[in-house]
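A, B and C are the chain letters, set down in written order, and residue numbers restart from 1 in every chain.
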Amino acid sequence: MPLDTSTTYPLTRLRLDGRRWNELRLLQAQISTNPASSGSSYLSMGNTSIMCSVHGPAEGRRGDAAGSSGAVVEVDVNVAGFAGVDRRRRGGGGDKTSSRIAVILRSTFQSHLHTYLYPHSTISIHVSVLSSDGSVLAAAINACTLALVDAGIPMPGLLCGCTAGMSGSASTPKDPRHDELDPLLDLSLPEEQELPLMTIGTTTVVPGGEHNMDDDEEETTVALMTMDSKLHSTYTETMLAVGIDGCNQIRELLEDVIKGSNRG
Amino acid sequence: MTAQRQASSAAQTPHLSAAELSYLYTSLSLPNNPIRPDGRSPTQFRPLAAECDILPGTNGSARIGFADGTQAIVGVKAEVEKTTLTADTLDARSLSLQSDLGPSGDGREGTEGSSAATGGHGSWVQMSIEIPGFRDDDALPVFLAEMMRESLVGSVGGKDGDGIERGMAGGLKGRLVINKRWHWRLYIDVLLLSQPLSYPLPLLSLTTHLALLSTKLPKLKSQGEEDPFFDDDWAVAEYLYPRASAGLKFNPSQQVRPPVTLLVISVGENVIFDPNREEIAVADAVLAISVTRDTESQGLKLLTIRTIDPPSRLTQPGVPNSENVNMLGATAPGESVAVLNPATGEEEIPGVWRPRRGGVKRSVIAGMVKTVLKKGGVGEEVLAGLEGVQVG
Amino acid sequence: MLKLPLIKLEMNDRRRINGPPGGTRPAVFASHLESSSAADRARRERQPTELRKIFLKTGLIPSASGSSYLEFQPSASLAAARETPKSLIPPSSALKLACTVHGPKPLPRSAAFSPNLVLTTHVKYAPFAARKRKGHIRDASERDLGVHLETALRGAIIAERWPKSGIDLTITILEAEDDRWWADAPDSHDASWGMMNVLAGCITAASAAIADAHIDCLDLVAGGVAALVSDDSGDSSTTSPRLMLDTDPAEHRSIMSACVVAYMPARDEITELWLKGDSSKAALENGDARSAHEALIDGAVDAARGAYSVLGDALRESVLQTIQS
């Protein structure tokens, strides 16, 4: 039995978990899950599940001059010990992966939110990763967006995250005539470990007035893009296009969640 | 520094004025029917929502949310580990002179099984608690984790009189033994999702109980002393705490169940359960009492009691009118006369808050334990309620 | 087939040269000098209500504002084993600990206002204190002991007399009690029973050190331990466990349940109670209406009364010395 996507994909055009290249995993989300916070959300993408709660905007710490121009976003990421396949012990105050995710989230949302509306205040986001099965950063972005919407913090549009990869190591230049490699959307943990991976976050400026009917393509902004793996430069464009497309799909799903919760 | 100080006390002391504290104390210490701020009866718990088996990646998991919004998630993970006798249990039988010990009249040694393999070891259960705003080696998480762990590994299940095993000889520790050389190691990770609004012990204990009830271990396929291997099929996995099934006909009240730790406070002569933050701030004594089902007598049995530092010791005292400079001359002379508070044994002026001093009388402790253990009392009610949560 | 991961759970302290992690075992060449029987396990030779002698002295550390040193009398079996060694491993250990109090001193500027004296406790085992080496970083059980001790003392100290100040109380355990006889494998009733004796010793010593530092208390707090033990060998395990005061876990085959209290005799109040273990099977003497846990608490209180008399004498002695000198 083949054990990874890079061997199964060329044969069957199906990935390890049976998805096609452009299919997202099942995304389920809920907002207002925790009444004790200003805003909260639960989001699961496949087996990755995340809980997020937002406190604030609240008065910042005294003597903190940093927030004078706008709110300061604080992000705290906590990966539960039982999140992975093997139980992992946390050593002291957080580990590398979780602090890296926290830094990325902080800088992304700091620039994304309309923080200038809340000078001298703090918006603190607490992310708990309950189970991690790939695309944790992307799922965390989506969960944060939902929680921030629930908290009623103004932002230009929904910030959605998604991962994209290639179905092989993609270390040689792309051959336009017979291209064996397909880009993949929304990678799971085994894929994430073997294949090149890019996390993309995009946002749209909510179209207003008569521009409403215009095509969305023009309005999409890439707000975040990180890639740690090695990849031939000719493939980046394909991956980016797939990732942006995935973000748009996720945006529709998140919008449904938000609208659905208003109805109920 | 401040976090450290608060951590060891029962909860972050809410910022209540001396007048508020005194009001709370007076209403909670009304003889026989205390008036709680949220209108509950003394033994009533806060409403909560619970669910089990929420995380597919764990052996067992549960979530409980209190109505005030505090939520806890517990995930249990089990790993197979080789049994080694650590250096502090230098086992005489592991030394080569064990044959000399043979006729010592010790029945267990005669059966050549080292009792570590049948009895299990408390360190096989590991517990960690994460509370936002606390490091995981702060006093509060460590104290809570030790408190819950010791009652968990301390509960010893038994055989009943006619020798029918309840499936849990040796309690949880015994259940973790696979064979003489292998055992399960249980990791219980408790995640508090928001800053604790009150002392989080009841929430964490109830959630842990539920998570353990829903915990399953894969079915063992190997036999005896072989290296263990397990059935891939998760559907045939066995519950860590055996459930009632058609073949076994003992009633649910006789099954071994994980313990629950209840937070009990005494205010005046009243015993109050599941206190919220304001109530615990005026408590004379705070006890954490762990109980579990007694498989033999159908009742409850006591596993651990720990005192918890009541935060009322750290509050600020009120000033009686007779000593207040601003009120000089405005009070009638006989207005503030100190009376003896029977619960604390100290002279107090009614309506003026004094931080608690000293400890608890033995009779008070006995009364609190009795209320928990009594037949049809709170302990049984809680266990029955948790049993009702749909598992699976 | 599941994976069988074997993991190491050691916290590393990079600032010091550490001994080998828990995995290695010292070479044990022979535990018995001659062919022996189980008779050489430690046995309790005291009456059930008889306590071990306590050595307690205050003011041994001049740089601290208060200090004390406490030692329990080693069990008779240890003395016997020293006379005529049958085994190279001592059969039991006795508690030895030193306690220092620093303060009252002003709280650091960064600390929040406190109307009361802020007590910080710090309990640490010396690396050589137990049979298994302890690391330099406090582990969970040491932190747990610290919280217990803090609860015990905070009830006794009259804290509002020192607003905005703090005291630091540090206890170093030089020799700890065993959790069981060294050659016994842990059985189903096993738990860290030795820790309870250590806590009782800590409470008594800390109370002496606080009094030595001239900090006002309601009363001296003394720690006491009582336990339900079943000493019978395997076949007659049906006999019910008996209540004993001041148990040395090395002297008993199986401790069912134990209780430690911090007790103030003048007010007849308990400031700290820690009871664990299964006490449901214990049968008390006829005519005793108390339940097992009440009996345990009462026993522990009796033990604490004993420690209290030592505590009082030790302090009286140190006061007399200061007056005379």
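Some observations on this one:
To be clear about the criterion, a contact is a pair of C-beta atoms (placed from the backbone, for glycine too) under 8 Å apart; a residue touches a chain by one contact, two chains touch by 3 or more.
Chain identities (UniProt): A = 3' exoribonuclease family domain 1-domain-containing protein; B = Ribosomal RNA-processing protein 42; C = Exoribonuclease phosphorolytic domain-containing protein.
Because the structure is predicted, anything quoted here is derived from the model rather than measured.
By the count of C-beta pairs in contact, the leading chain pair is B-C. Seen from the Cα centre of subunit A, the chain whose own Cα centre is farthest off is C.
Each chain gets one centre point, the mean of its Cα atoms, and the points for subunit B and subunit C are 23 Å apart.
As a whole-number value, the distance joining the C-alpha centres of subunit A and subunit B reads 38 Å. Note on chain placement: the centre of subunit A and the centre of subunit C lie 52 Å apart, centres being C-alpha means. The multi-chain contact residues of subunit A, meaning those touching 2 or more other chains, are 86, 89. Of all residues in subunit B, those touching 2 or more other chains are 79, 137, listed in ascending order. Annotation for subunit C: residues touching 2 or more other chains are 5, 7. Listing the residues of subunit B that touch subunit C in their complex gives 1-2, 4-5, 8, 79-82, 85-93, 95, 97, 100-101, 103-110, 114-116, 118-122, 137, 139, 142-143, 145-146, 150-151, 153-156, 170-171, 173-174, 218, 229-230, 232, 287, 294, 296-297, 301-309, 313-314, 316-317, 345, 355, 357-362, 365-366, 369. Those residues of subunit A that touch subunit B in the complex are listed here as 33-37, 47, 49, 51, 53, 76, 78, 80-87, 89-90, 92-93, 126, 128, 130-131, 133.
In the complex of the two chains, the subunit C residues touching subunit B come out as 1-2, 4-7, 22, 24-26, 28, 30-32, 35-39, 89, 107-108, 110-112, 114-116, 118, 120, 130-132, 138, 140-141, 143-144, 146-148, 150-151, 154-156, 158-160, 179-180, 182-192, 218, 233-235, 262-264, 267-280, 293-294, 297-298, 301.
Considering their complex, residues 54-58, 61, 65, 67-71, 73, 75-77, 79, 128, 130, 132, 135-137, 187, 189, 191, 193-194, 197 of subunit B touch subunit A.
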